[in-house]
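As structure tokens, here come the structures.
Two complexes come next, and they have one chain in common, chain A, joined by chain B in the first and chain C in the second.
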Partner chain A sequence: MTNITRRTLMKAAAATGLAGALGSRMAFAADEPLGIALVIPSPIGDVGWGHALAAGLEPIKAAYGDKVKVTILENIPEGPDADRIMNKTVADGNKFLIAGSFGYQNGALQIARRDPSVTVLHASGFQVAPNFSPFAAKYFQGTYLLGMAAAALSKTGKLGSVSAFAIPELITSINAFTLGAQTVNPNIEVSVVWVNSWFDPATEQEAAKALIAQNCDVIFSNAQDTPSVISACEEAGVYSFNLNSSMKKYAEKTYLGCVATDWSPFFKASVEDHLAGTFKGANAFLGVADKVVEVTDWNPAIPAETMTKIKELEAKIADGSFSPFTGPLTKADGSEGVAAGVTMADAEIVAMDWHVKGVATPLPK
Partner chain B sequence: MNAIEFILAGMLAAATPFLLAALGEMVTERAGVLNLGVEGLMALGAVIAFIVVYHGGGHFFAFIAAGISATLLSLVFAFVALGFRANQVATGLAIGILGQGLSALFGKTYESLTVKGLPKIAIPGLSDIPVVGGLFERDIVVWLSLLATLAIWATFAFTKTGLVIRAVGENPKAAHAIGYPVIAVRVAAIAFGGMMAGFAGAYASVIYTPLWADGMIAGRGWIAIALVVFGTWLTGRIFLGACLFGAVSLMSLAAQATGLDLPSQLLSSLPYIVTIIVLGIISADRRLLKLNGVASLGEPFERR
Partner chain C sequence: MSLFASLPHLVRRQRASLAATLIAPPAALAVAIVLNLILYMIMGRDPLAVLHAMVLEPFLSWASFSEVLLKTGPLLLIAQGLAIGFRAKVFNIGAEGQFILGAIFASAIPVWFPQATGGWIWPVMLLLGAIGGALWASITAFWRVRLNANEILVSLMLSLVAAQFLYYLLLGPWKDPAGFNFPQSVMFQYDAMVPTLIAGTRLNVSILIALALSIVAWVFMEKSFMGYKLQVGGLAPRAAGYAGFKESRAIWLSLLIGGFAAGLAGAAEVAGPLGQLQRSISTGYGYAAIIVAYLGALHPIGIIISSVVMAVIYIGGDNAMVSANLPIAAVRVFQGSLLLAYLIAVAFVRYRLEWPAQTSAKGSTP
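The block that comes next holds the complex of A and B.
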């Protein structure tokens, strides 16, 4: 005889209740939209790095509609606070995390290791895990082309760059800019001011003015998220260009062009792989051929003859038959950088820590 | 234009945000109150001024609005720190964070927009001198802040108002005993400091770098506070410190642009190093430091 007590009844009720709860939860999980979280260190403006990343998610929203839910966490300083915020956003159910700054690397990698069901894309890093891909843009392909335009327009033969930090990503941009300029004017000289900050508009603007005072008449705004440099150049009447997203509206007359990045092809492919369960972490170093880097807003003042040459080279870069970093390349100190006929591999480019000949400013050690 | 001309031409403009904020903080501290919220007050002033100019309100009203908004926020500090006798360090930090938060909130839709700065006014005759001429070609706010520096110096050197502020800061009990309204003087000093910080922020966002970006004050409020201490609460030294800091920060950029073979990290830290060394030497005289230091700085006053 079964002795039904109040206690067993409660147990049974609890068990069915639990199963019911679990069941509904699992059913819910199947329809649940994929949570995509983007974490970036700066505020999203109308322009800049953060803006480019956020814009890269728009086509995904359009393509997937209700199946994805995008959360953007902006202005998150690198450091322990970022780790906490990323952990929280993953705990909240976001399974696809885009860590939009180099300094998020360790925290983001921990998240990826702890939970294999989470996919992490990390900007400008070097660590790779099965569910963790670092991504970076081949800005140098664009700055090479703009170097050609800059040299064609420069009257003084002196170009300048306001640059954030002396890391390979920025160094390669300056080197390619210099090499491109040398194809037009072999004696061109490039001066660099390192502001040693990712974000200090006032100092960036002063740095641009310092370069202009040294007769530089085309300025490359290297990794500034605000139009600080671009607007100072418009005021002084010298050409300027920048990375990531167009700042043409801040310099109608003197805007040379933009090395624009469109992350959506990469983001979209990664989201597709994640949903299909086939995501594989790999180093994503993307350029013109991947449709991630493209030079836009060419200034009409660039001579037609130069423009034709630029377009020819752009096509060669796109089909892979030309790389700016093909030897012979001489280092700024006069020693050999790359031997004749040798092309630098991607792995060497991402670790480049020397300037090519023609860059007047010594590289900070 | 060579590097020297570039530095001389830009020095005063680079110094102005520091100068305005530091002078305001000096007056506050002279009255015995330590307000560490300068960074936030500057940020609030900066965003309010930017919004006013962006919507066509003009630079004059931008400064007025920035001054008023930062004054109001500093009065919140006064209310908590003086009214409730809360710890001034903690309250100041909280107000600073609040100011930065408010600036980010108000500035959300204005992120990375730009406005037009102000034209430069040349002092006839002086601005034509070769090399140093650029020094005498600045916008009106620079000239006004130089006048303000003189006025503040004169106030402390010659007037009774200056003496009353100092008495309140040195020995509030004695000042109270002879009939001076200690709390009222301190509130006024805090409000003045807030207004000046608001002006400093406005200068940064609508004249010096005419754009708005969250976090654009980038630590300048903290440097202003440091200048007050290193300048030993003396107007002249604070002016000197601000100019020196401005000049050396421009020098570090100019040095790189000319291709000087020095590590850029060293150059970037040069303004701090030079300012500390120079003002350190000036204030090496311990006796003088004691003489100028504010005796009751940061201590709440309780009427008994």
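The block that comes next holds the complex of A and C.
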């Protein structure tokens, strides 16, 4: 055993010497462009989360030209492989890392702690460090509006959602969807299927079909990266909508709308701060007012009076005079969630781990 | 009929030549590299840069070579365990599930005793993991021996059950209470991590354990009577029966060894680079190890080599994505074409092509 180990080790040691000889190749001159690396768990594709993140980098490429060099690493499973790949991108000289999934948190945070000259943006997480910012979208601002539209169009009074993980970001979008729907129909009921994956088109489609079979006639595709749910709904003739980027072309008739995200304002500001040396890690929770969240592709079938109300509220959300999470809110188990007249703070919303009354499916415990 | 008759046939060689056996793997590597270089040129990438990232870079620094060894560890462990069963013709395809159970059993200590300290923790975790893997495999062994249920199907299906069991724990009782509902356990305390072998890298002592067990596997299969019985059972089951070697014992032993090794690997993974029980523990090591076992010709020494080769392919592929801007699909094509070229090369070592003209000529002279 020792023999083999020693031999392998000696080989490796020889190789290290070789690397030293090649070292000059790896040195970076001072005027090197800023290396920006985006790591995402699913394929970029034409739609969805990864696509939205990649699209958010386009304006930076346009603005900075060859002063930046963008590398996109798609399909990287969360776990030890992702840690190594992120380490490698930083070792290759990338100084700006966008870790595009919550499962990258620990590995990305270690990189940030080890090398203060690197700036890390991390999707959907909760850890903060001086050079490490978690970012998330206030999807709930958009899903509230789509809840109103959904309730206006629903004949059965039952809505459904195919959702990825029971994390606060997605729980809040379901809650706001339910609250929005209740403004139109107080007795509306929302069923949820948690598929426990960011990318599993077959399971997502099964889940959508199961919800449709239970008489849900508007389906919310909560954080799916492919049109799996949307196209199943088009086939069954029920309305559906999704997050991040428009999937209208996959459901011409029944596409209700899209809670679109545009990350470019946030990415651009962060890159500017990094270049100026003024980047400061903070929880970036961005919504309509930040021009990160916007509802697009409204379906013309939505009744005009509902649409008028929606537009009114949209304006109020944008100027900050209205939040979907304003009390009185009752939890799904009947206890008090938020007292009358109280509005949940951002810090409470990013940690929300309960469903509002009207969500029929209990949270996985 | 005529079309098939005019095609050449594969005929088994009476004996495979040693030279051909040794030349086959590098020849396959060369063919795969040349084919893929052409592909990269068509894609407009610099083929030499890709080759550098993929084949050379894993060896060019301590940091990346330690990553190769880190990746080798679980592949080596699982493949050694599986190969013993494969030689006895007991096909345990469910190493992935046994790997997951190993990780779960090992995590029980840091999850239930997050404050515990002491040097005993990680060895106990590894042992627990190995026991967990063996227990999971014993379900397959029980039904195979008891009801003659196909072990391929049972072990494979149990892998899916294992994954669901993992998800249940992470979403429910073992979820980190301070983790915002994210499906993951608490971070393990320092003493619950396998000690690092080389400072500054993620390589830990589990690679030494894997190498030590490889030697044990070699001694067991080549020198022990029990190993001999397993091999005879695999090569000539009826002869083994006449000799009084019990098939049921071979099945139990094969599956328990396979489960033990896979469980140990799972424990080393969760207490090594992960440091936390997560869904991403299951990345297909259990399936990749089947390929590793066969690439290594089911021989303990061959498996040591094939597991390193497989690890280099993984790490090199990741490097090519990062440094040479190669899309992941092209990386997978390289990995796939390498395996395919190897299998074709091995086929030609064992078989030769015979053209129909020759066959008919032979057939006419009885």
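To be clear about the criterion, the second predicted complex is superposed on the first by the 335 of 365 C-alpha atoms of A that agree within 3 Å, B and C clash if a C-alpha of one lies under 4 Å from a C-alpha of the other, contacts with A are read in each partner's own complex, and residues count from 1 in each chain.
Definition applied: contacts are C-beta pairs under 8 Å (C-beta built on N, C-alpha and C of every residue); 3 or more make two chains touch, one makes a residue touch a chain.
Source: prediction; values computed, not measured.
In the superposition on chain A, A:I167 makes contact with chain C only, not with chain B. In the superposition on chain A, A:F126 makes contact with chain C only, while chain B stays out of contact range.
By the document's definition of touching, of the two partners only chain C reaches A:G103; chain B does not.
Once the two complexes are overlaid on the shared chain, A:P227 sits against chain B while remaining clear of chain C. By the touch criterion defined above, A:I85 reaches chain C but does not reach chain B. In the superposed model, A:G48 makes contact with chain B only, not with chain C.
When both complexes are overlaid on chain A, the residue A:N75 reaches chain B and chain C alike. Once the two complexes are laid over each other on the shared chain, residue contacts for A:N196 go to chain B and to chain C alike.
By the touch criterion defined above, A:A207 lies against chain B but remains apart from chain C after alignment on the C-alpha atoms of chain A. Overlaid on A, the two complexes show chain B and chain C touching the same residues of chain A, namely 43, 75, 166, 196, 364-365. Chain C meets chain A in the complex at residues 59-65, 67, 69-70, 167, 171-172, 180-183, 187, 202, 208, 211-212, 215, 269, 273-276, 278-281, 283, 304, 314-315, 318-319, 321-323, 325, 327-328.
Chain A meets chain B in the complex at residues 42-48, 75, 160, 166, 191-197, 199-203, 205-207, 209-211, 213-214, 216, 225-228, 231, 250, 360-362, 364-365. Of all residues in chain B, those touching chain A in their complex are 1-3, 5-6, 10, 14, 104, 108, 111-114, 204, 208-211, 213-216, 218, 220, 249-250, 253-254, 256-259, 261, 263-265, 268.
In the complex of the two chains, the chain A residues touching chain C come out as 1, 4-5, 8, 11-12, 15-16, 18-19, 22, 37, 43, 71, 73-75, 77-85, 87-89, 91-92, 102-103, 106, 126, 165-168, 171, 196, 350-351, 353, 363-365.
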